[in-house]
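Next up is a structure, given as structure tokens.
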Amino acid sequence: MKAIAVHAYGEPPRVDDVPEPEASGPDDVVVRIGGSGLCRTDLHIIDGWFADAIPADLPLVLGHENAGWVHAVGPAVEHLAVGDPVICHPNLTCGVCRPCRVGDDMRCASGPNLPGLMCAGGMAELFKTRARAVVKLPPGAAPAEVAALADAGLTAYHAVRKALPGLGAGSFAVAVGAGGLGHIGIQCLKAMTPASVIAVDTSEEALKLAVTWGADHEIRADGQQAQRVRDLTGPGADAVFDFVGEDSTISDSVAMLRPGGTYYLVGYGGTVTLPTMQLVLGEITVAANLIGTYADLADLVTLADQGKAALHSSRYPLEAAGDAIDDLRHGRIRGRAVLVP
Amino acid sequence: MKAIAVHAYGEPPRVDDVPEPEASGPDDVVVRIGGSGLCRTDLHIIDGWFADAIPADLPLVLGHENAGWVHAVGPAVEHLAVGDPVICHPNLTCGVCRPCRVGDDMRCASGPNLPGLMCAGGMAELFKTRARAVVKLPPGAAPAEVAALADAGLTAYHAVRKALPGLGAGSFAVAVGAGGLGHIGIQCLKAMTPASVIAVDTSEEALKLAVTWGADHEIRADGQQAQRVRDLTGPGADAVFDFVGEDSTISDSVAMLRPGGTYYLVGYGGTVTLPTMQLVLGEITVAANLIGTYADLADLVTLADQGKAALHSSRYPLEAAGDAIDDLRHGRIRGRAVLVP
Amino acid sequence: MKAIAVHAYGEPPRVDDVPEPEASGPDDVVVRIGGSGLCRTDLHIIDGWFADAIPADLPLVLGHENAGWVHAVGPAVEHLAVGDPVICHPNLTCGVCRPCRVGDDMRCASGPNLPGLMCAGGMAELFKTRARAVVKLPPGAAPAEVAALADAGLTAYHAVRKALPGLGAGSFAVAVGAGGLGHIGIQCLKAMTPASVIAVDTSEEALKLAVTWGADHEIRADGQQAQRVRDLTGPGADAVFDFVGEDSTISDSVAMLRPGGTYYLVGYGGTVTLPTMQLVLGEITVAANLIGTYADLADLVTLADQGKAALHSSRYPLEAAGDAIDDLRHGRIRGRAVLVP
Amino acid sequence: MKAIAVHAYGEPPRVDDVPEPEASGPDDVVVRIGGSGLCRTDLHIIDGWFADAIPADLPLVLGHENAGWVHAVGPAVEHLAVGDPVICHPNLTCGVCRPCRVGDDMRCASGPNLPGLMCAGGMAELFKTRARAVVKLPPGAAPAEVAALADAGLTAYHAVRKALPGLGAGSFAVAVGAGGLGHIGIQCLKAMTPASVIAVDTSEEALKLAVTWGADHEIRADGQQAQRVRDLTGPGADAVFDFVGEDSTISDSVAMLRPGGTYYLVGYGGTVTLPTMQLVLGEITVAANLIGTYADLADLVTLADQGKAALHSSRYPLEAAGDAIDDLRHGRIRGRAVLVP
């Protein structure tokens, strides 16, 4: 079957012909891919950022945002049937360690075990995962439409869910970056909280879209954005979600907070550099976020099914992965790119 | 009356003769001081660190950890009687703003309003505060013994109280710095959680004392302390309380955490410098702490009254403030120094 | 001035001519009434239900849901100005006890102190309250439109706010009774949670209105309502809000819950009679609710100002209180009745 | 092998000779029993209370508090080895439903599935369970000493864990019934909270033991116990744990609560009968409890291993089950009875 694989860091991935996976283990599930999302993390993988932190054998088939239909199941899998529409959680978990027992899937003691980063992902016709990673979609769901919920959406949802206790009536939440993660974050904030949502982005076009996703206010990131958030909110925002995570957005985001507020770090790349005096006097919390749990993904699928969290995506044929990667690198994608076999 | 006042930043404070304060406002309370704690923050004030961030007119009477007996009350004060033993919360609050209405005293919209930093403090014979800042002590309590609960103790308690939901059975908490704040933090952890408590300090003597306050493990800070915490805890600690807050303790403390753990920044001075990649992959939270609420102080007084949080303190006569300051600067004080008029 | 007063339990209240109140105490506030809500609790007072539990001297001016404009303030009141539009929290609190210090207003140690139940209420031209009970309305607000937020709305909001942690994506909340409290509860649920909301009522008309307030499903209370909720929800609802509280709604409401669910008792009148075996096997929680906090009321005012919680009310001239009472007794009021001087 | 089985409701169980179980399924685990606790629930089973609610085929081997050593494992079990000391969670769970995915083990969608109540339990030489129900004990642990943690201890721990957020410094918790569940509950309260613990029991001997387990106050249940709790606590207790659950303890327990307090219903048998007016005016919460989660059991094992939760138990040979049952029926057991093959 066809698959998109990295053969050397720093080089564009290739369209390969690879053997089809089989549901050989008792809990294996092979999914016929309906769509596989392209993520900024894929660029980082291609560029070799993770070569040390998360080593993988090359060639590596990319694709960690996968949805499709059950194609085959191992002998111990009873709750899934061939043909079921499904979306795949990005981490394969053991089910018996303490974190698994309390639903803290990203902290499985046997992991991380991340297809698309550490073993073959879903930018292919078929994708092998395990039963514990599979979330059923509603009957009739279109997997390509929701594939990007599996990482981008999940990450945004998870950060928002952590913030819920602090986002009551009259609160303000800021989404820094109204792109692939941000547009899901904004919708989740509107669906789950009474907070007024402020979208901040460098792009006017992104801000216009943010309003269609429910943002109550939009602010152009022109250097004055932190001041404008404070002007709008009085003491500052209760929560700022930084979907970008570069040096400049970090300091700006923290400057938007009210005393006692929380900075949710979602995107990454830069370095958090903050004087303890500033943090202590403001009693600021910096909360980093790593993807999300299985239950988070199931919940997000429910919100999507209820029409409360729609993905804005552009489809590319699997073979056109190179074009999608170029478009993502050059900021030509609004929302998410999804590869369809 | 005698009072200890800063006349110029960078110079030792002097023993002054100043007018006695009066309970002239409706909610004023004048306290006859039983003891006023000396704090590292006093050194920072003397050294002029806060000259810009928290400006004050000089001369400034120091003393923000104050306890004593009610000496006089304004006409609207009904729940306090002359002679009542009391301890004073360090922030004067308005009582009608939103933060005051939900008990978030440090965030009073009319403040901060900090005696000893912004107006006359309690290193004197009498100290003027306001009714909302006064916590009653149990009948017969000795104010000098508990004065340092008002800031050092309160700050440690507040940080521990925030950490409670994450410190269940089998958890590990680390106290970095077993000195004036740390020894209260360790006792609060033991009184309020089932966590195993690890004390980390550069001083063998401090570590020996930490064990008497209830620490389950002690680790010498010799450069290998983060590794030793990981060896002891398996995945790392659930919570690390950094009572020091210098550059070296910050990076070490974060390195002690398990994935998903929280770093409680209590001391200050250094700069938090952490790559977003490290924070995100570990899903680390950095929670800064600013003193505590009125209810926190009342609770801590209860713990102290129950024998669960004893202050380790050295008393100095008020006139010997200079000696106490020298001893604090040169690391010759275990626990806290308290000035007694 | 004119006022509506109970002279004897069991008899209709009269329109009296009474002296105007004055802001004689330092924290007193006299409010010129814009509207005073009529509540089922007023019927209970008239009927003498509270004669033992909450004794009051007769004649008693009714009215515990009061909004208007500041008419006069005592000398210690600095944050309110004559003419400010305001709404009044129903309990007068001391501000210095432990519950007051943590924002738990209904549990003030010096109370309860309930105008309209224990001393003169606001069914009059002027109403005397205290500064701590006054919530500012946005400039230009129309007090008569929001008066009923002060008890009916506050009570519904408070119950919903307690339920928030259990009402995540995919959850189901049931409002039993879509009348005066229920229609606010439904709107709060929609504004603050992603839960699907099911309205249950005996009246088709009430159910139709419930849909306009945001209910996702409506079920006629015809004896099969518990079964219908289970049919709709699968395992049962996560939370059921009983805005009626009579014997029949209690057993029905509990029968609607999923295992582990919570029954929020808001209305009252009946007796909770539940076998421990049923409660334990279902691990059911019964959470009673008593009005709400000052911050709850301020938050609800914010939701109302944002258009997320609109009161459905019918206005009556103050002198027509008797007609309003008759209409309420005979079920002829949708939403809330408000008396306007 | 020998096993204790119920052949007819209302008749004493018999010592049977039954076939040994085998680890035939992929996730099966056969445990060589070190001890199996006897519980009041066993009396209820024998007496036929559950014949309708939880039907089972007779004869039924009793025993739902089981600990021992791994004897054999199914082919898919990788994390357990023959000889490992283990304790068994009382519910067999599927691992893939929503409740299982968030650690809510008692609400597994495929259950309840309770050995000793619905299929063969552990009052035998060998006991078949499944991998997901097995909690490892520390190396060298003595299973007979901890067997009763698996239900009695787990149930008490679970209720206490739910109460933690409300049991801060200065709070009061009451344990009604200082017997088999209560003595674990008291120890968990002392290990995990700073609350003052009040033991209430009809037996002076039980109260004396309660003090050795850490109770701060003991009160004889002589009809005045609710008044005595209020005298001791001022406004009443923050939490009351009713480990008995009979009509008389229910009303007494609720009468011990402060306004806003929570009644934790743990034991069962009686009927909760409470006027809504009392519940609402006191804003009381009634929280029923059903056993506990897998993580709860693992945590409790940790507390026991740390010496913070010791079981008080009496051992009987397996064949003497009839004597143990008689002793339990007639109140002759302090703590728990454990059957040892």
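Each chain carries a letter (A, B, C and D) given by its place in the written order, and its residues are counted from 1.
By definition in this document, a contact is a pair of C-beta atoms (placed from the backbone, for glycine too) under 8 Å apart; a residue touches a chain by one contact, two chains touch by 3 or more.
Note that this is a predicted model, so its numbers are computed, not measured.
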* **Third chains touching both subunit D and subunit A** => B, C
* Structure fact -> Contact-pair count is greater, between B-C and A-C, for A-C
* With chain centres taken as the means of their Cα atoms, state the distance from subunit B to subunit C in Å. => 42
* **For subunit D, residues that touch 2 or more chains besides their own** => 298
* **Touching residues on subunit B, where the partner in the complex is subunit A** => 53, 104, 106-107, 109, 235, 245, 250, 259-260, 265-277, 279-290
* Asked: Which positions of subunit A touch subunit C when the two form their complex?
  -> 161, 164-165, 168-170, 191-194, 196, 298-300, 302-303, 306, 308
* Please name which positions on subunit D make contact with subunit A in the complex. => 26, 76, 79, 94-96, 98, 101-103, 131-132, 293-295, 298
